[in-house]
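What follows is subunit A paired twice: with subunit B in the first complex and subunit C in the second.
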Partner chain A sequence: MFYIHQTCCISPQQTYTDPDINMLVESAGNKLTVIEPSCEGIPMKVLRRMNKGVRIGVGAALPLIQGLQELSGIIIGTANGGMEESILFLNQIIEYNEGILMPGNFVQSTANAAASQLSLLSHNKGYNMTHVHRGTAFENAVIDAAMMLKENRRHSYLLGAVDEISGYNYKFEQIEGWYKKEVVSNKHLYKSDSPGTIPGEGAVMFLVNNVKHNALAKLAAITTIHSENAMTVKHIMEDFLTNHVLAEGNIDLLLTGEDGDNRFEHFYLQCEALMDSNVTVARFKHMSGTYPTASAFALWLACRALTSQTLPGHMIKKQGSQTGYKNILIYNHDKGKQHSLMQVTITADGVHGKTL
Partner chain B sequence: MSRVFITGIGVISAIGNRVAENHAALMMGKCGISRSGGFPSKYSGILPYGEVSLSTEELKERLHINDAGITRTMLLAINAFDEAVQDAGLTSSQLTSGNTALIGATTVGGMCLTDELYSDANDVNKHSPFLSSYDCASAFLYMQQRYRMNGLINTINTACSSSANAIMYGARLIKNGFATKAIVGGTDCLSKFTINGFNSLHILSSDVCMPFDENRSGLNLGEGAAFLVLERETDTVNKKVYAEITGYCNTNDAYHPSSLSGAGDGPYLAMKGALAEAKLSPGQIGFINAHGTATENNDIVESNAMIRLFGTPPAFESTKSNIGHTLGASGAIEAVYCILNLTYQEVFPSLHFKQPITGTGLQPVLSFKKTALTHVMSNSFGFGGNCTSLIFSKT
Partner chain C sequence: MAAEELKQQLKKQVIEFLNLTEMKPEDIKDDEPLFGEGLGLDSIDSLELIVLLHREYGIIIKDPKDGRKILVDINTMADHIEQYRTK
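Entry: the complex of A and B
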């Protein structure tokens, strides 16, 4: 499909500058919120108008695109982009009884705020797209990037995902029972054996093109599944593994979005059961928390595993017999309804000491 | 890469609940914009709107839908979707095939339930059945379940160009082999949220909008939905085919969050890129369904961009003078209107135009005409600088 050349990640862990994921940053108040960097390079007056989602999206993207001569377009996945601003504007409407309102929140309330801010800041007049299909918003952005790069062999795109914990989406999801009622630390997320998970947020950006040389990783294949039926999901997974994944060689690492919600864990166990016994199984939601575009964080981790050839112990669920990582499968689902599989492989250049 | 054909269309707007009603109204130059306003807002009945004549309850009855958490946005979408699927004669196994994609677009989503959302967001003790219906994806997640679809599903939100991008994305999925059929479109309904939003920007006209007129005074909001069934060429043998999608291009104006640049680079590059994709020269475009919102900013910028690209622009009009600006649905609704232009070889009158904009001298089509058309273009521009142009061609 395409090659990943640079990445930048703002997450609840130390992933932005001098990434160190061996030390696990603990959750607070049953949430994993991002460590927000100071966004240098964004004019103060622009920064002040941005909500957190747009701020971290722009913050993670700018290091990859500033000064870049050949960016062909910007492709972003976000489930809740603009939600916070929408509710701020809504509150104005009700509280001022549809009187004279400030338009700022309204203008920033559309989900394309991050992608459009990035085009503004980088003066990029190319392709500009925002995918918002909740639990597969990032995956649709990946498919879009893959198509753009098939149609335009020499292009480079900024591909990314951003979602924040806004007060409102947090409240709705909590009422609907998606978060744990008891106090749980992310250090013990997988032992909780109760319904719900802990929410997270993040902004992860990738610079992608068709150039194999010096790439961090190759995104080799992707599929999405919309089903609540375990057998349907299993059959599509098996087909995908047979027809796409195994063509690239045996998987050595399965990275799953297991998130401590005992109602939907069976999907992850089912996927693990499809793997050979020598495959290492690792998890990431105790680092990122659960949010609709968390699979982008998993893709960042996969790039890191391929370049560093190690993963911290706290991620490992089951140590396989193979040493080193060459062929990684990411499986994630959102609320047991929207599933995705992404295959990430090492480039022919092999490990070249390039760090993220 | 396979050619992509349109084999089914469905639309609901202020001028009709089905394609045939919309077509008849366009031919007659009917304006569906009025001060009626059956939705909860202080500005209901005061400002003019392009409102769908069916109430939410009537839509539910018509579609036999009683599920909790259903929004008007979803009902409009389902009404148009059903018509398009039936028109294309898709069987239930074709609809549920893993190779049939659903690509939807909306900007308002469940935010049409402005009061319910306010109460859910701010009252700790109460919650409505709509908690998971507010986001944009909810409409298309519901439709995917309703029709048991198994192909690729996506929701796009690039503001007012959303459903033009849904059409483009669906066509590209087929060309790239991710789907063999794609049902693509958009939906948005009138809401307190968008009315107050556009009102706060002072771009709502207190009269019926006058696209491309010197004395235009802003846009009218409208509502509606449209869907198109796209199929790869090899699957359309012995089938009715309306048109081919030959060109598309998405650009960003990179100038301002809520207005277009004076130079109009975004609109210019979108139209130019769509021509390049279709391998056409400007002179081959016979007609343009312009974005034409009737705001001060859009119409002058779009006019100048058309002049910059075409020299003398081809015949053009804005159907927003019939139905208002339907936001995320507008690209798909206007695509259906372009397909009617091509199918029946005719152009419809742009309404409420009196005087050309000083400096451009451009005059939209003012009366219904039969005319030979081979290639037509549709423009959609949105907040955040998102611009998309599509080209449909006679097969």
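Entry: the complex of A and C
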């Protein structure tokens, strides 16, 4: 499909500058909120209008695109965009009886605020697209990037995902039962054996193109599944493994979005059961928390695993017999309805000397 | 409300409405231009200030040309508020 050359990640863990994922940052108040970096490079005049989602999206993207001459476009996935501002704006409509409204909230409330702000800041007038397919928003951005690169072999794109925890949305989803009622630390997330998970947020950006040389990793295949039926999901997984993944060699690492919600654990166990016994199984939601575009964080981790050839112990669920990582399968689902599989493979140039 | 008191309140509201988090009321001079030089506000800010006048003081600016005369600096805004406020 395409090659990943640079990445940048803002998450609840220390992933932005001098990434260190061995030390697990603990959740607070049953949430995993991002460690926001200082926004150097963003003019104060622009920064003051940015909500958190836009701020972290721009913050993660700017290091990759500043001064870059060859960027052909910006492709972002976000389920909720600037949700906090959206709800502020909607509340204003009611409070002021559809009268005079604050334009700032409106500007920030659109889902494409991050992609458009990046376009303005980088003066990039190329393809600019934001995908909002809820739990597969990032995956649809990936598919879009793959199609664009298939048609335009020499292009390079900024591909990324961003979602924030909004106070209002958190309350709604809490009422709907998506988050744990009891206090649970991310350090004990997988032992909780209760419904719900802990929410998270993050912004992850990738610079992608068709150039193999010096690439960190290759995104080899992707599929999305929309179903709540475990058997349907299983059949599509089997087809994906047979037709795409195993053609590239055996999987040595399965990275899953298991999130401590005992209502949906069977999807992950089902996927694990499809793997050979020597495959290492690792999890990432105790680092990122659960949010619709968390699979972008998993892709960042996969790139890191391929370049460093290691993963921290707290991620490992089952240690396989193979050493080193060459062929990684990411499986994630959102609310048991939107599933995705991504295959990430090593490139000959990407093993040594690369840091993220 | 005394004129000075109104100006102080207005400065706090300008900071809050425009999210000028790095500024304090004492950083804004009464005769400092709001747009261009001075605070360097832009057209979106002018809309936010019109909303401020409406919500906090019940003043509706219908003609944009009026806005240019009113939204010059804190002094001109305070004068207009004193003259036309409905709340």
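What we mean here is this: the second predicted complex is superposed on the first by the 355 of 356 C-alpha atoms of A that agree within 3 Å, B and C clash if a C-alpha of one lies under 4 Å from a C-alpha of the other, contacts with A are read in each partner's own complex, and residues count from 1 in each chain.
Definition applied: contacts are C-beta pairs under 8 Å (C-beta built on N, C-alpha and C of every residue); 3 or more make two chains touch, one makes a residue touch a chain.
As the structure is a prediction and not an experimental result, all values here were calculated from the model.
For the composite obtained by overlaying on subunit A, subunit B and subunit C can both be accommodated side by side without a clash.
Judged by the touch definition given at the top, the superposed model places A:N140 against subunit B, while subunit C stays out of reach. By the touch criterion stated above, A:L101 is placed in contact with subunit B and with subunit C alike. Using the contact criterion defined above for the overlaid structures, shared-chain residue A:R48 touches subunit C, although it does not reach subunit B. In the superposed model, A:T7 makes contact with neither subunit B nor subunit C.
By the document's definition of touching, of the two partners only subunit B reaches A:H226; subunit C does not. In the superposition on chain A, A:N112 makes contact with subunit B only, not with subunit C.
More subunit A residues lie in contact with B than with the other chain of the pair subunit B and subunit C. Contacts of A:M129 after superposition: subunit B is touched, whereas subunit C is not reached.
Here subunit B and subunit C sit at a least CA-CA distance of 8 Å once the structures share a frame through chain A.
Taken together, the two structures place residues 100-103, 107 of subunit A in contact with subunit B in one case and with subunit C in the other. For subunit A in complex with subunit B, the residues that touch the partner chain are 74, 79-83, 86-87, 89-94, 97-98, 100-103, 106-113, 115-117, 119-120, 122-134, 136-137, 140, 143-144, 146-147, 150-151, 168, 171-172, 175-176, 224, 226-227, 232, 236, 337-338. Looking at the complex, you find that subunit A touches subunit C at residues 44-45, 48-49, 96, 99-104, 107.
Taken together, the subunit C residues at the contact with subunit A in this complex read 17-22, 40, 42, 44, 47-48, 50-51, 54-55, 60. By the touch criterion given at the top, residues 41-43, 98, 107, 111, 114-115, 117-118, 120-122, 127, 131-132, 134-138, 140-141, 144, 149-150, 152-159, 165, 169, 172-173, 175-176, 178, 192-193, 196-201, 250-258, 265-266, 269, 382-386 of subunit B touch subunit A in their complex.
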